[in-house]
Each structure stands twice: as structure tokens, then as C-alpha cells.
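Would you mind keeping the following structure in view while I ask a few things?
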Amino acid sequence: MRSFEVKNRTSTDDIKSLRLITAIKTPYLPDGRFDLEAYDALVNMQIEDGAEGVIVGGTTGEGQLMSWDEHIMLIGHTINCFGTSIKVIGNTGSNSTREAVHATEQGFAVGMHAALHINPYYGKTSLEGMVAHFKCVLPMGPTIFYNVPSRTGQDIPPPVIHSIAASPNFAGVKECVGHDRVETYTKTGITVWSGNDDECHDSRWDHGATGVISVTSNLVPGLMRELLSKGKNPSLNEKLLPLMKWLFCEPNPIGVNTALAQLGVIRPIFRLPYVPLPLAKRVEFVNIVNGIGREKFVGDKDVRVLEDDDFILVGRY
Amino acid sequence: MRSFEVKNRTSTDDIKSLRLITAIKTPYLPDGRFDLEAYDALVNMQIEDGAEGVIVGGTTGEGQLMSWDEHIMLIGHTINCFGTSIKVIGNTGSNSTREAVHATEQGFAVGMHAALHINPYYGKTSLEGMVAHFKCVLPMGPTIFYNVPSRTGQDIPPPVIHSIAASPNFAGVKECVGHDRVETYTKTGITVWSGNDDECHDSRWDHGATGVISVTSNLVPGLMRELLSKGKNPSLNEKLLPLMKWLFCEPNPIGVNTALAQLGVIRPIFRLPYVPLPLAKRVEFVNIVNGIGREKFVGDKDVRVLEDDDFILVGRY
Amino acid sequence: MRSFEVKNRTSTDDIKSLRLITAIKTPYLPDGRFDLEAYDALVNMQIEDGAEGVIVGGTTGEGQLMSWDEHIMLIGHTINCFGTSIKVIGNTGSNSTREAVHATEQGFAVGMHAALHINPYYGKTSLEGMVAHFKCVLPMGPTIFYNVPSRTGQDIPPPVIHSIAASPNFAGVKECVGHDRVETYTKTGITVWSGNDDECHDSRWDHGATGVISVTSNLVPGLMRELLSKGKNPSLNEKLLPLMKWLFCEPNPIGVNTALAQLGVIRPIFRLPYVPLPLAKRVEFVNIVNGIGREKFVGDKDVRVLEDDDFILVGRY
Amino acid sequence: MRSFEVKNRTSTDDIKSLRLITAIKTPYLPDGRFDLEAYDALVNMQIEDGAEGVIVGGTTGEGQLMSWDEHIMLIGHTINCFGTSIKVIGNTGSNSTREAVHATEQGFAVGMHAALHINPYYGKTSLEGMVAHFKCVLPMGPTIFYNVPSRTGQDIPPPVIHSIAASPNFAGVKECVGHDRVETYTKTGITVWSGNDDECHDSRWDHGATGVISVTSNLVPGLMRELLSKGKNPSLNEKLLPLMKWLFCEPNPIGVNTALAQLGVIRPIFRLPYVPLPLAKRVEFVNIVNGIGREKFVGDKDVRVLEDDDFILVGRY
């Protein structure tokens, strides 16, 4: 179902050169549908402050809570609005090969620049099955593979990556397993993005990573850009670590959802099973913002502590 | 779920000015999925030969045989590839208000220029229900309404159209009921596209219609362009009438599917319940092509009579 | 995907013997989901008053406004709860062969006794296409075919029916075209159910029809049973005609929805594009009920005239 | 959307008393659809050999590879065919609250006896989010909660279970974390099923577990029944451990799929990302069967070593 007409088709090398890719948050309306106006504003902030790519519908963007038609629509929308300003990487991965194949085909058909693929989480499979799964989707276009055993319950070991790395569509790995694993790849010329914000500075400057696929950059894209592109900067890294630690005190995207709501750039609406961080943590966030400087964060409203009643949690949508 | 970022947003007036809109055919691969390469070629032929708009997933494009995710994907794909060269009008209508609302919201989110809406066919409703249905979707963007009682089992009477025509998103009517009905609208300043190829010349030049939403232009876009835009031309109209009659000898898109396959621009694959025209009709088509001139038709392969065995009919896909 | 384990499998002959089949209404909760408690009560009333079959998700039951998963779930639910007391006929027809095949396969897998199939409405097709469509679904189990050109825009002519009637799964035709057509079939031994309540008495007693697939029986199942099973009864027929005329003053199921709400057996909730009958008609209904006798109608609450504000119309659900 | 009519409604206490529940395999046709005939045979073997419940569409049954309509259909089918002979527990869990709510509502509507729920895998959430997720589905009917951190990436800690255990619908926990965790629950009167076949004997006889939700019982239901119900039997346990170890040498259901195909009770068809065990392991299985005795296993064909070419792997279906 390939098309050779798709506009702004991106080469795998273009993808390999991206330093700051933001796993963009998906904001919601009170009935749980997407808040596209808020979404557009978030993406514009990323573009203005130097992010070079966005992951659409990643775990941060809560792809796992989308129907596939919502998911593909959001990829198509992002390409249509921002495809000439930023690389659009659709998370069309799934633990079901059928779904991954179908979504990836659709994502490339609507113009996404690259796909992000995960190994089959929860259901899991053998290494042979993992390779077979990846080989079903890799021919479709530039692809980043994502290894996050703390979510999937299963590591993608280096032999699996090496068995697919020769494909011209293989862009690299988003790796969460640590610096040693990063080096395993970077030493052999495989592009790596850190999947852990708190390790990305060192991965980038000491272990050969190209950049980061970041959650924190939803909040401070300019600082993350600086951290990744202007040489080693341990003091900036140090300054950001408390924010990063705060963001991941509960499973992501709980922290970033809470933060963006308190920054006034999204409505305080959560699709279940996500719920906001408790009050004490919300107070802590305001202090962190004030410590780093409100102007470094996205948006221009005052940061404020939201009350429990300010949040809307939606289970049916 | 509106976005103000969507690129190439088109004004209702832009839509009103289109003379030749092609209800574009959707071609298939042998397993029933879309053949996007063939589709891209078809759209490029339309652009080159002067069509100004395409209806994506109309009854000709077999929207009724698509899943909604296929349908929205195809709209997004068309916008991505061709949105700067031709107006993309998504048929996001449905006899279910829920589906029409959801699809139209998605279609505009991925960038379509206008929506085509039908009254609730088969299920039907009262005139109050029809108006309520249309008012749910009209706020979303430029909209053409489609009246084809021979398909829907129910006429959209002028009072319904008049009750919604004042909306800034109201672009006009695709009308199949005949010249008198066309004039009812054009006299009061409502834009009309003929929905009957065999009447479009007279509708355009004698009854105030702006243009046509055409099936025939899938085959001879250049001639249809000429028929609509270069002044009254009864001899050209006369020349095309046998082709038009042939095309509608069975419910559309049976004829156009058969024709495009014999012209070699699509594979001879039918999604059921459509089946090719019988051999005698297929022979007749080759004669018609030779009479008008092969070079007037899309594609550059020889036209040929396909055998029964050349066709693949798919029921599961 | 056939199963030989399905319980209560019904023979085609069992289906052929049914006289009163009710096209059962689907009631809703205020958010547009199914109101299963009200539904169960409606089905129980049918069983108690002598209906022998129900059509689940017909046009009366608003199958056209259901997602397929809702639709199959409702068939499965009905079989589970009532399958030993009444024949459950799922309307698994569609104008898309793919959808009809998939839904019919699923419907029989969850235990439905028979399928109701429609010719491809709106999209339409050739007679060869119609036969091909029907032949895809007929092998799956006992099947009733439904001819209603005023909805589909296309008649199923007798040759199409005759070409499939020899199948052991062919149960008969729900025919709306009139007495002559009914006789065409009944004379050749084909089972016919009238699809027009106002003609069913004469079809049954004068033209060989076996019974009716009825909308009116949602309201007065006992009287409809009497009309069909206790010999010619022109005075009862005469008595019911004003009710039938009222029910079809707008496209069905607008009337029956309004009526059941005023009888207090369902909540006054409409899925768009359906809207209630206007006040004057609602007053008329109460008079009709009082004329026939409240006790002849389903439910035991007082019949009352609902106000405009009593109704909830849902477009997203 | 509750119904009080659903037949064979089961009390939570009935669920609590089940000792042997089989996480039933879903077999496929060569095009990837369900093979219902083979499925029915598998369920019948379970009933005949003493299993008291089946999990439909669990991870073993590859619910993660089903569309939701397939999934609910299979639950409805199982209830229809076998609901009076065995308890049918639908795995209607999801990492998306919306999906879990919708599927659970539908599962109970088609008559399932109980639901199996998982904490939000992959996406994960906070403990507050986990409780909120569970509280959305628990009111719908008898529920078993499933804790398998090696798949979900997140433990359900005892405080979460205790916070929901007072609900009258709370049936118990399928626990994979080990004997200590099992005892934590059983000491306080909470029903536990072991989720690890190799630990179930000891969990049952030494740590208070009620029984097992088993994969191995797909192959040897009679022996598993004996292991769980006829008193401590370390020698039988010892005899079965090599089979269990073999079954889990790769992520389940790879082993059980391979085994059932070699026993001749299902076709050798895998939905990707699952692939068969390699030849050496397939030879090993035949030896294990011969060691235990072919007659103890389901089916009556000879067990045989399948060749690589015997297997069909399907990615689109």
C-alpha cells in the first residue's frame, strides 16, 4: 500500500541526525476528546524552542489510551500542520503484529516521517518472534526501535537490534537500559537516543548517544535543547535533575500531565487510568518552577497549584 | 476538536468556485487493500487534465465499503500528497449522526478542504431530523450537501436546504433531481453542482449550475473540463452521451471500475458487492473509447477487453 | 468459522413457521448507550403476548446507528436471555459485503437463530452483484431476505430471489412491495412475511403470506398476534389501521420511538438523526391509545403526552 | 447497561470455589480467523476432564491479538455453547480504562460469569490510578484480579487488593509473585489462584491457594485436576514439572501453541508475533508426552514432530 507521492518524505539519515525529540503530550477536552487547539500550541512551543522531532501518541502522549482511528488522525493532523517545521514520528507500535502493520502502513500513508516501534509488551514473545515482528514493519519507512523493559517486561537484547540494523530504514534505538547498553550500540555506529531524561546528558556527551526522546522537553524545550546541543553542561544537568526526578516520581505521563495543567497550557483533564499527582507533589512542582525560572517553561500564564476539584477524570470517552 | 493550524484551509468561496470535481475511484490491491500507487496516478491525471477538486470516498470511491479508519486515512493521504494542487473534499457523510460527526471532525483535523454530506439514507428520518443531522456537522467547515433520492430513498426538499443555506460553511448542493430543482436553487444564489453527468452540460449552461461532481471525468477529465468551462458545446456533449450512458447502465461505480481496469490504469479488482460489467458491455466500452479517441482517456496503455478470469472479486479484506 | 456446538440451533423450517416477528425497538440510556433493562422488559412483553420472533437491530431497532460490536453484543445478549423462549433473528445485513459476512459469521457464532439480509442499499449494485452478495452470507445459517425499495433505492426482483431460494438456509422474504409481489412468491411455495403492517392482514389471509415482521407489534403484540393467527378479522384490522397510519406518518422508527416513550416503557431518548414526532402528533397518539384501550398496549403506566423538554437527543454516544 | 435477565448468572461465591480454571488456547484457521470447531473441541475436552472454568481471551488465549469484537464474540460463543457446563471468565481487562469498561460491560451483557482484570500494563499508572481503574469495572460483576509483574512491568501490591477486596463482586486474585504473596492473601481470607503452574501444587496444599489458572491444563486437564483436588501429590507434581518447564521455556503461549499443534488438536497456525518453538524443542515435547503417556494428553491422534514448513504464520488477518 506504499505511495511514492507522500510529501516531505524524510530519509533515514535525516531521522538519525535529530538531537531533541519530544514525546509530546496529548491534551483533552472535558469529554475526553482531543483538545487540538491546545495540542497545536504545545507543538508550536516545541518548534519555537528548538525541538527537532515529536513522537505522536507515544506512552507520554497516551497512545495506549487512543483508538487507532484517533491515533492515525493525530499523526495526519500533526503532519498537515507542522510537517515542514518538525519531524513527525508516529508511535505505530503494538504488541499485536496485525495492529502494528496496519497502523504503520496508515501512518506512512498520511505522511509521517518515521515510525517508533516497541517489542510486544505484555503478551511478549521469543527473540525469533520479536525479530519477525520487527521485520513485518521495517520495510515501510524510517524506524526507531524502543527498548523499555520496565514497561514491556522484556528486554530487546543487542542481537535482535543487530539482526535488523542493516536495513536502510533502520534509524536507531531509543534505549532505556543504561549507559553500557548505549555504548554497545554507539560503538558499532548505531544511532541511539536516550529514553531516560536523567541520563541523557551523560549518554550524549560521554557515551555517544545522538540525543534524547524526552518527556521533560514538554516543559522546558529550550533548556533541553541547550543540554543536548551546546557541549557538556553538568551544571545545567544538575539544575534539571530535580525536575526530572519529580516528573518520574510516578509512572509517566502522570507527572507531565500534572505539570502542564499547572502551567496553564492544557486543561486539567486526565483519561483514566491516569490521575493527577497529590497536592504535596503539586506544591513541590510550583517550587521547582520558581527555582528554575517560570520563563524557562512553556506557556505564559502563572504557574499555580491546582486543587483536587480542578481535575476532571474521564473513563468513558 | 477544532484546530486553527490546519494548513491550506480553504474558504467556502473557494469551494463554491470549483467547476469540475471528480468523484475519484479507489483502486485496490489483490487482497482488497488500497492500491495507493494507482490512486496517486489517478489523482495526478485529474490534476494534469484540469479537475479542480476530488471527492474522496464518495459512492464512486466506494466509501460505503471502507472502514472509517481507511476512509480518514485516504483523506489524510490525499491532502498530504495533493492538497496544494487540488481541493480535497471528503465524503464524511453517514446515515448515522454519530458517525458523520466523528468522521467530519477527523476529516477536517487531517486537513480536508470541505465535507460532502448526505441525508440519512436507508434509515431515513423526518425533515426535522434531517435538518438536525445537517446542523450537527455544518459548523465544522465548508460543506456540500448531496441529494440523490435514487440512492437514499428520500429527497432533500428545498426547504431543508434553505434552512441551512445561510451558514457561512454552506458551499452548495450536489443535486441529482433535474434541471428544475437546479434552477430552484441557482435562482436564489445557491451554488449547485450537477450530480448527473448526462445533464451537467445543460445544467451548467442553461440552468445556472456552477459545475459538476462527475464520474465520467475519471475517464476523460480533459473533455469534461472543456464541457464545463469553454462555453456551450452541444456537439461535445452529444459525443460524450454514449459514454455516460454506458457508464450508468448498471449502478455506479460498476461501469467506471470496469472501464478503468480495461484502460490499464487500475488492477481489475472489485470489492463485493460490485462485479464487473458482462463481456458484451466490455466490448462496447472498447468501441466507445476508439470512437472518442484513446488519447482523450486517462492512461497510456492500450484499451483492451478483459476476460472474466482477469477479474478478482474480494469479499473479505 | 462455523461451530456445531451452538445451542438451540434452529432449523430453517422453524423459521418458516413464525407468524408474528417483532422488529424490536432498542431503548437508550441518557448517554446513548443501550438501556438493557428496558430492552429486556420489551422482549418479555413480546414473549408474553405471543410474538414468536424478534429482529434484533433492524431498521426499527436502529441497527444503522449501532457500532458492529454493540450490534453483535445485543444479538448475543438476546440469545442468552431469551433464546429458549423466542426466535432471535439478527439483522446482520449491510451494503458492504465484508461487513455482512463478518457480522453474520459473528451473529451465528453467538447463537442467533437466523439472519436478516438486505440488498446493498445506497451503494446499490447490479443484479449479479446482488446475487453474489447474498451467496456470500447464505451458507452461514437460516436467512430471511428483506426487500424494501423505499429505503434501499433498489428492488430485489423475483429472479434474484428465485436464484437463491433452493438453498436449505433460505427461509423466505420480508416483502414490502405489495400483494402482487407477495403472491408471486407464495404461489411458488416461498415463505413471505409482510413488511407493511397495514397490508399484513390481507397478505396473510388473501395472498398466502405466512405472517408479518411488524413494527406495530412493539405496541400491541397481543392484537397483532390475534390479527395474524385467529382467522380473517377485518374489523380488528380496521381498528388498527389508524394506529398503523400514525406510526408511519414519518419514517419508522420515529413513530414507535415516540409511542413507547409516551407509554412509559422506554426513556424518551433518541439517537440522532431521529427526533420525536411533534406535539400535535403526540396528542393524537394518546387519543388513539384511549380509543383502542390502554390495556391492549404494552406497559402499565398511564399513557401521557410528553413535552418537548422531556426528550433527550444524542449525537455523540 | 446492566441486565437482570442474563441467564446462568453466577454468584461471586461460585467463582471462589473453582479449583481448576484453564486459560484456554484460541485456535486459528489458515487465514487467521478463529477455528471455532477446534475451539469447541478444546473446551469439550476441558469439561470432560474436569476443568471447572475457562479464561477466554487471556494472554494464553491471545486476547492481546484479538480485535474487541472478536473477543466479545468468543465470550458470547463460549457462554452459548458451554455456559451450563463450565464457568466462563472473560479476560476483559485492558491498560485503557475506557476499553476495560466497555469490554466488561459487553462481556457481562452476553452472559459471561466473571471478568478477569489486569492492572494497566505497559502504560502503567500510580497506585491511586490502579485503584481508580479497578473501581470502574468492579461493580459490573464477579471479578478476578490478575497480578503478573513480569508481563505488566508493575506489581499490584497488597494494599491495592485490600482496598477493593470488600466488594461483593471481588472473587479473588490470580497471583504470580510467589508463595509468600499467596499467603499474605489467603491468611486474610482472600481467594487466590496460582498463576504459575510449577508452583500451583505447593500454593494449593501448603499456602492456602484455592486452585490454579493454568496453561498446562490445556494439555493434561485430567492430571491437573488430580493435582489440585485429590490431596498432596508431590510425585505427580514432580512428574509434571518437566512439561511445565518446557511449556515456559519461551513466553507463553508459544509452548502451548506448539504442543497443541503437535498433539493434532489444533492446526499449526500462529498469529504473529508468536512463532513455534524450534525443532529441538519440538522433539523434546514428543519425548515428554511419551514419558507421561500420550493418553494423559488431550486428543487422540498420534503426537508428532512438526516440520518448519508445517507451520503457517499470519501477520494480517
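The letters A, B, C and D name the chains in turn, as written, and every chain counts its residues from 1.
FYI, a contact is a pair of C-beta atoms (placed from the backbone, for glycine too) under 8 Å apart; a residue touches a chain by one contact, two chains touch by 3 or more.
Note that the coordinates shown come from a computational prediction; the quantities given were computed from them, not determined experimentally.
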Under the touch definition above, the chains in contact with both chain C and chain D are none
Look at both sides of the chain A and chain B contact and report whether the same residue positions are involved, with over half shared, or different ones. same
Dist(centroid_CA(chain A), centroid_CA(chain C)) in Å evaluates to 50
Starting from the mean Cα coordinates of chain A and chain B, work out the distance between those two points in Å. 39
For chain B and chain C, what's the span in angstrom between their mean Cα positions? 34
Chain A residues touching 2+ other chains are 316
As the complex stands, chain D meets chain A at residues 32, 59, 62, 64-65, 95-98, 101-102, 120-126, 128-130, 132-133, 136, 149-154, 250-251, 254, 271-275, 277-278, 313, 315-317
The answer for chain C against chain D in the complex is residues 1-7, 29, 33-37, 39-40, 44, 68-69, 72-74, 76-77, 79-83, 106, 109-111
